[in-house]
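Order of writing sets the chain letters: A, B and C. Residues in each chain are counted from 1.
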Amino acid sequence: MAEQAGQLAGDGEETSRMRITVVTPTARSSAIGAVSSCLTQNLARNGYEVTVVQAETVPPQVENEHQFPMAPVHYAAVGVEKLLQQADVVIYQVGNHYANHAGAVYWLYRIPGVVCLHDAFLGNLFAGWAEANWTDAQAVLRRWYGPIVQQKYWDWQAQETFIELTINVAPMTEWICARAIGIFTHSSYSSERIIHACPGPVWSFPLCHAKEPVISASTPEEHRVKANDRFTVITFGHIIPNKCVNRAIEAIGTHPGLRDVVDYRVVGSISPDYGLALERQARKLRVSLAITGEVTDERLAAELAGADVVLALRWPATELASASVIEALWHGKPTVVTDTGCYAELPDNIVHKSSPEISAEQLGIIIHKILSVSNINNQSELRSQYSRLQFDGHIYANRVSEFIKLNYTTFLFMFEITRLTTIVYAWKTNIHTNDIITKWRIFQ
Amino acid sequence: MHHALLREIKVKVAIASTFVPFAANPYRGLVVALEEALRLEGHQTEVVLLPQVDVPDRLISQILAFRLVGLESVDRLICLRPQAHMIPHRNKVVWLLDGLLAGVEQWKFGGYPIKHTRDRGQLDAVRTSDKRCFDECKTVFVGSPSLKKSMLSVHAIGSVLLRPPLPVPTKLGNNAQSSTILCLSSYDENSRLHIIIQALACSSSTLNLKILGNRCHPSFQRLLSQLIIDLGMEQRVSLDFGPTSEEVLTTALAECVAVIDLEASGTTAGDGMIRCTRAARCMIVAGDGGANLDDVIDGVTGVVIEPDVASVAAMLHSLEAGAIDHAALGRNLHERAGKAAMSWPETLRQLLG
Amino acid sequence: MKILIVNAMVPYVRGGAEALATTLVRQLELAGHSAELLNIPFQYEPAQQIPLQMLLVRELQISNVDRVIALKFPAYLVRHSHKILWILHQYRQAYDLFGTSLSNIPPGTDGDMLRRAIHSADGEAFAEARRVFGISANVVGRLQTFNDVKGEVLIPPPPDAERFLPAPGSGYVFAGGRVSRIKRQHLLVEAMAFVKSSGRLVVAGPPEDQSYADRMVSFVRDQGLAARVTLDFRFLTRQEYVEYLIQADAVAYVPVDEDAIGYVTMEAAIAHKPVITTNDSGGVLELVDSNVVGWVSQPTTRALARSIEEALRDGTGTIAKGQALHARWQSKQVNWPETVRRLLE
């Protein structure tokens, strides 16, 4: 009576579309939002039914949002719970900035889903969430890092060196990973913590280049912003201390071959105080420094087109991929990175690597070496091609799709296991995980 | 020596099976018979029946729940109807009568096509956990040669043939005056029910047809209902799909002339075949009937016909005219199956060994 | 209607709860309904497994059923749109028995968490139920005290009352039912050392704990009471049990804080036999509430010895008490048709 089970599995083509909901920041200023925009549009083109939930605490104005296949819904809006429950898979985009990802954390606690992890360090996200979830936050700290760290954590959090103090001791990676039914991320950095904490499958593949270049490498010279015939070195993005602009200024100012020929441009949003401090430093070292503040996409493209070297330094490096590096390589630019974290995985013939300590002397040597090459654009095509292949948006979406399809059986079990453990936790008790893992391992 | 020792050693045995309350399934009788046989041998016996809803997207949560059942005080666990074999135990065996693992069956008959990654994922989840839980078993026993073949080819699971001892047919009453042919099972167009109905309509026979089943593919059910109306057969054909009690089934078997199952190339015998054999009723099957032909030999232990309207119509005429000794065929079927099965003591030695 | 009775069972253990479940199925069928019994295995050792057992029950899926009648923890956690609870007992180890030697829940944080979980889950189950009955005032009282739930008392009638026909006593006191520490048969056995009358004590039933049974056997042997104390530790057939009871002069039943009146008490009352009990026997006192219908003493061997002595010596008085107990029982109108009606109304 029973048919071959294999025949059953082949019955019919997939005629109904899988529903994917992505919980993400949607503001134009968010690089993760740009990734989501690229991903959701590609998924929709591939036949998925895609919905988007805005994760920001304050949703941006419509004109300041990225493009999505349909209008996003704010995470606190009525009906979102049903939307998430009806999805076949929910993808939570998670980064370190609480204001951008509050909705993701909120719903991840309630509706199981896959996490796309952008940052290995989630201390700021955790601190933001802890304000309204103090008891649970204490329990999280104790669970993952022990009572001593739990006691000291909030003192550390109050300090300016918060990231340095906690990145190795309590990065909070495990907190989010433990709640995910599966994770995909963009490098193998911090993979041990991620795999240890996440009960589901963990994949890693390169991040996508999330926007089309406004000016291509072949645009005529007159469209590029180039004030003079000096060399232009740029750092761009959200300018905060971990981008090591001060080191770059020092490197340029102390290297005899650089100070008089380099214009250093810092492009992107920056706090006034920090900007002033950098300008003071530059004046002291007689470095030609220009700070542009936040710019449009078109302006950024022009700045990149006119750059001779891009500095994408990070210390500490907590992100799992860098949109800046992808952008710089897309434009074929010689790019200097720190040899740490996700940057260490980039090929040596594609990027230039500075040691993690980023000594000004060594950095100066690297920049000088790049600028001394007779044709500094001779590797431009190689870099550009590498970026387009590695970080192609269609390929990225296909990889995400593959991750979901190949692991869907596991996800089904994870949904149920999450639901069941939620019932137990609602009884305000624990279950001994070893007992239950042994019993429930049958789906592997 | 080994058997003598086993006779002396009394163990704490539990029989685990699943059920839908108030709905018949072929394992219910086996549970009762097995329990009685174990008690007669002096073993402490417990029956664990777990309720189950055989709907695909509720299977995973039920499987996870069954994995929480604790039977550590039990020495040997005998699992019958799926998904009872999901219960974890250090010393378990499973004994299957048919290969219709609940989840897999649902996709075929319940109107749950594989149209979606989610469907495929659920099917894979059931298959994966089935395999893991079968692997946990000391032995997988199966009730028919066809099922043994199917378990190996479809599920890559080796098994041991163990045909359940048949009960002596209870006095079901004299069906000599009966005028009903019975169909039992779950259905789609492979069951060829429409051929039987058409044959009934064009045959000179005045027999009636009673169709009982747990599930039917919705579109096929609509087709059958319309066919019955179009052929004016409302008075002679009854359709009853849904959970059916043991009482209703027993009565239907008692009152029927024969049981008919024309499904093609089934890899395991269905519910109809199992019950018909137990009840010593005449079984009518198709020439391409696969596992049904394990025990049905034309003219000896049943009737084998071509699955076309003319052949079925001719058979119905012969049956009513008395040209087919259905009572003898039913007895022979029962006897043949009985001979192929061991006695209960021997069966228990297999299950507890 | 299609009615599913849901009970929790410990494999290979049979007692009053199991008998009640089976009887309920039969009585529902007699009343014209279809009834089936679902016995959910419950493994409560080690105690930290209990939340998983609760989860198992919550996740069982029941279809094709019009009503569910659930009897015990954790069975009554089962989900159904029309669930009636007829509570034999909650998990008393988490409530009134916590902190005693009868509880398997450890003190401390883990134990507190477990008790909280049981309390939470109980609360969910009670809130979901259409009606909540308890088998005795004791059970209903505990529901109110611990869970703030107003239950209704619904005493379960014995399964085969018609078998307990009154018969003349044969000079012994009978203590029947499961033999266990909580039933305290040892007090009766030890009391016999102080009983001067020539009458006997018969203790009969399956022991839950062999070491407890062995202790009584040793006592009888060491005290030279073999001629006057019969210890029949095994699972009795129903006929054997009935004969023991109806031929006794009186019945002794001295459990600690029993949840309900107890079948032993009811069967004694039906058979016109007075009951010897103690003032801490819980639900038994709902029926045996004074010395008019039996003997209620302190739970000590001396006090029980006096009760046994009187029961064996004062034939007329004993018979009168038995009749009074029977009348008290009759006045409660506990019968199956009425019970079924109340469960399903």
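One rule holds for everything that comes next: a contact is a pair of C-beta atoms (placed from the backbone, for glycine too) under 8 Å apart; a residue touches a chain by one contact, two chains touch by 3 or more.
Source: prediction; values computed, not measured.
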Farthest chain relative to subunit B (centres taken as mean CA coordinates): A
Hey, which pair has more contacts between C-betas, B-C or A-C? B-C
Centre-most chain by CA centroid is B
Calculate how many whole Å lie between the centre of subunit A and the centre of subunit B, each centre taken as the average of the chain's C-alpha atoms. 56
Centroid of subunit B to centroid of subunit C, CA atoms only: how many Å? 42
Taking each chain's mean CA coordinate, subunit A and subunit C are separated, in whole Å, by 64
Residue numbers of subunit C (touch at least two other chains): 49, 52, 55, 59
Residues in subunit B with touches to at least two other chains are numbered 61, 64, 68
Got the subunit A residues that touch at least 2 other chains? 420, 436
So, in the complex, the side of subunit B touching subunit C is made of residues 12, 14, 20-23, 44, 46-53, 58, 61-62, 64-66, 68-74, 243, 245
Subunit B-facing residues of subunit C, complex: 2, 4, 9-12, 34, 36, 38-41, 43, 49, 52-53, 55-56, 59-65
Looking at the complex, which residues from subunit A come into contact with subunit C? 420, 423-424, 426-432, 435-436
Going by the contact rule set out above, which residues of subunit A touch subunit B in the complex? 1-6, 8-16, 18, 88, 404-405, 408-409, 411-413, 416-417, 419-420, 436, 439-444
Would you tell me which residues of subunit C are touching subunit A in their complex? 48-49, 51-52, 54-55, 58-59, 113-114, 116-117, 120-121
